[in-house]
Amino acid sequence: MQNPYLPYPVRIDEIVTETEDKNLKTFKLVFLNPADEEKFYYKAGQFAELSVAGKGEIPIGIASSPTEKGYIMFTVNKVGLVTTHLHSMKEGDVIGIRGPLGNSYPWDILQGKNIVIIGGGFAFTTLRSSIVYMLDPVMRPKFKDIHVIYGARSPEMLLYRDELAGWENSSDINMHITVDATDDPDWKYNTGFVPTITEQKALPGNAETYAIICGPPIMIKFTQPVLDKLDYAHDHIIMSLEMRMKCGIGMCGRCNIGKEFVCKDGPVFTLAQLDKMPKEF
Amino acid sequence: MNLGYTMKVVRIDKKNWVGDIENLSRSYRLFGPVKDDNFHRFEELDKDKLPDLDYFNTRLSPKSIVYPQSETMFEYCLDERKKDHHVMKEASKDYSQRAVIGIRPCDAAAFLLVKRNFDTPECKDPYWVKAYEATTFVGLACNNPHSACFCTTAGCGPFHEDGLDILLIDAGNHYFAKIITSKGENLLKAAGWDTKVDAGKEIESMKQNAETGITSFIATNKLKDKITADLFDAPFWEDMAFACINCGTCTYACPTCWCFDIQDEVHGCSGTRMRNWDSCMYPLFTLHGSGYNPRNTGMQRVRQRFMHKLKYYVDKYDNGIQCVGCGRCVSLCPVNIDIRKICNTMNSYEK
Amino acid sequence: MIEYINKIKEISERLLKEGIVDIIIGFRKGTMPMMNEPCFAKSPEDIKNLVWDSNCGINLANYLTNYSADRKEKIGIIAKGCDSRNIVNHIIENKIKRDQLFIIGVPCKGMVDRRKIVSIFEREIKEVTEEKNKIIVKSDGFEKILKKAEVLQENCAICIHRNPVVYDELVADLVEEQKDVDRYEDVRRIEAMPVEKKYKLFDDLLSACIRCYACRNACPLCYCPTCFVDESRPQWVGKSINPVDIRTFHFLRAFHCAGRCTDCGACESACPMDIKVRTFTKKLEKDCFELYGWEAGMSLDERPPLDTYKFDYPD
């Protein structure tokens, strides 16, 4: 019997400090046993439990794309016991990874459609995975227009800045980077909150267009009315939720919203699904 | 596996009981009720210790026989000079065959409700599943149910057989043993019980007698058709939850509560990853790293417990409520929160 | 004591009607013998359900801390001696303001220990009623009358503050306080034990603990938003059922109650495993009394010994 709680051992291959406040670091992990990489077959939008021996586990969205081989990548915000310890670790250290967990963005449905990605803050990780996945030369023809609206408090708080710059210059994707405010005279992108930029830049809703939203609750709260105004049907608005989790496989009982477990039945739900669930998130 | 033919009944003479248990202890780890001050509890029986079957029920449910309150999942070494440091290794476990003697039918049925959570087509919890599969459940029918028992309206009953491998019926000088599964058949052989009898009628009349002894009932017939959001937003929760002190008594005593926490513990350079029972009554159960808590108030947590048992579970598995009517939470709750009252209120609630 | 209820209802109804309070905290009849359920009343309909008898051992002051934090309403609360002392604690510790409360004082004659009564009988008890000093226990075709004095909760049997210490209105004349009570006989017995025996006693006492925290959660003193035992950064106590962790929890909790505990007995009555948790809190209660002449919750004007210093305090 497979033990779903047993993490694959991985080595920290590279650590990148992403943001100026140093609270976000990206960890590139390599499997100690190459065979485990095969077993860890994932889709964009899934997450995994990072396991630090002696400290515990923490569920984190997978930031790398399944099209990137040889490593997996996580961007970790320093908040609690496990993540604080992770931030103090160094390249070469051994941790564990358990997963992939949860559903993913509904890629079967999304193929052949326009995709509008709306993201804010450090929740951009699984959105990065999705963008890289869609921009893969093999995958790109399978999607129509791709728009990305991504905002952070300030330019220094944006994740994956080099990649963002590359996407800005690509004709495969319409990038709309925004910051809440900046005093940088050379800032050449948008200034303003994500909902405002969404209203200006997002495609109008129709049967061929899906919005994927991931960000802090406040951003989601104010973006939702904008999407309503743009005529997005609720089953065309896709969200990824966060909850406190432990097992990640729908067994330990804490992350439910109504009868659904966010870790197993989610974390990705359409707004139409969420409309029917108790408002407990 | 249920036996396909008409169920077999054997008679067990009580004067041979000691020797029979001794026979069993040679091939099974035995668990049974033992008396502890004013209460009974299930424990592993030492050699020569008999299960005390002259009991109503144990204070806590026997779920810990399969699912201990604290259990080691993995072990690891934090000494970087050692090979495989920081790598999780499975803890060694004893999954040799075991038998529970004298479990009440409600408690055995509870394992089936919990099984839906731990043993799914996509994923199995290896600790629970292996322990469960290693266990033979020898039940003891309830001839004299208590006044807080409401099993007959909670999908169960004093002579209920689902979840049992053998059902013992106390008939004075002897027990009748009804063999329900092939696992039960194997135990029968190990014990040397072979006096087949035709006691169908006698057992049936005892069963009816016991069922009429159940005087407490719940109504669950409308729960399935209720709209989740209506029940969730119902005004009665404030009143129902007021007294609750958010301790874990009900959840720890309950045979069908399964929630757990995973924790690392370190002593020197060696560590263990443990799983411990957890409770939806505790605020930390759902506290996010950010400090946000979707179930911050006591009322929200009480609502979660009862919505889970009486609505979410019903909707998720379409197989009744997550309660077998053992009455433990009712009699142990320090402030008398009563699931019967809450269930009936939910069932009859109209928005 | 059952005769109090009419007066309790009368006062409660008047307070709600006249808008003096928005809510009354009291008890309603439970569904099990010898059990009442803490409840609130906001309307005359709710008032009808209020009860008062010898099964009101839960300390209602506990419902002020979790209740008043985000509410500004005026609260009427029914308080026996120990409840009133815990209300004093709350006021001294700035958990609630005196003028937010209307205290309906109940001169208490002691609460019964349901477990003691259950343990007397072989059969399941179906119904328990009371008359003056008698407890009438009924089962199928069976009835027995017990003297209430013989089945009191242990803390009630040795209580010397049955009358409320603060109140706005009394439901009856004050009762005579018990005199010549040896409050600490059991503590002295344990103090006299050799260390190993003491250790063994504590081990045995706590062996049944399932870490449900009913003792802590029933206690009005335990209002910390995050208890030390739940804290994860730093983690003071392990989370499994390791006996060392269980002991740490109970000992530290008792220390946190030092100089504050009123020996209301809520912890012990809440424990589903019948653990005599007062064994720990009483030792500290005794120390506070002997070292500082202090009894918790007796006065709104005096600071507790552990948050003040006087020159004549012993080292």
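Here the chain labels run A, B and C in written order, and each chain numbers its own residues starting at 1.
Heads up, the rule we're going with is that contacts are C-beta pairs under 8 Å (C-beta built on N, C-alpha and C of every residue); 3 or more make two chains touch, one makes a residue touch a chain.
This one's a predicted model, so the numbers in the text were calculated from it and none came from an experiment.
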item	value
Most widely separated chain from chain A, with each centre as the mean of CA atoms	C
Winner on C-beta contact pairs when B-C is weighed against A-B	A-B
Innermost chain by mean C-alpha position	B
Inter-centroid spacing, chain C versus chain A (mean Cα positions, whole Å)	50
Between chain C and chain B, distance of the C-alpha-averaged centres to the nearest whole Å	32
Chain A and chain B: spacing of chain centres that average the CA atoms, whole Å	39
Sequence positions of chain C contacting 2 or more other chains	232
Two or more partner chains touched - positions in chain B	261, 263
Junction residues of chain A, two or more chains touched	80
Of all residues in chain C, those that touch chain B in their complex	30-32, 35-40, 58, 62-63, 66, 115, 118-119, 124, 126, 208, 210-214, 216-218, 226, 230, 232, 238-242, 269-274
Chain B residues touching chain A - in the complex, by the definition given at the top	73-74, 76, 78, 85-88, 90, 117-118, 120, 123-126, 129-130, 228-229, 232-233, 258-264, 266, 271, 273, 278, 280, 285-290, 292, 294-295, 300, 304, 307-308, 311-313, 315-316
Of all residues in chain B, those that touch chain C in their complex	36-39, 56, 59-60, 69-70, 146-148, 239, 242-243, 245-249, 252-253, 261, 263, 265, 274, 276, 279, 282-284, 298, 330-332, 334-338, 340-341
Parts of chain C lying in touch with chain A, wherever the complex brings them together	232-233, 235
Chain A - residues contacting chain B, complex	1-7, 9, 32, 51, 53-58, 79-80, 83, 93-96, 217, 242-244, 246-247, 249-259, 276-281
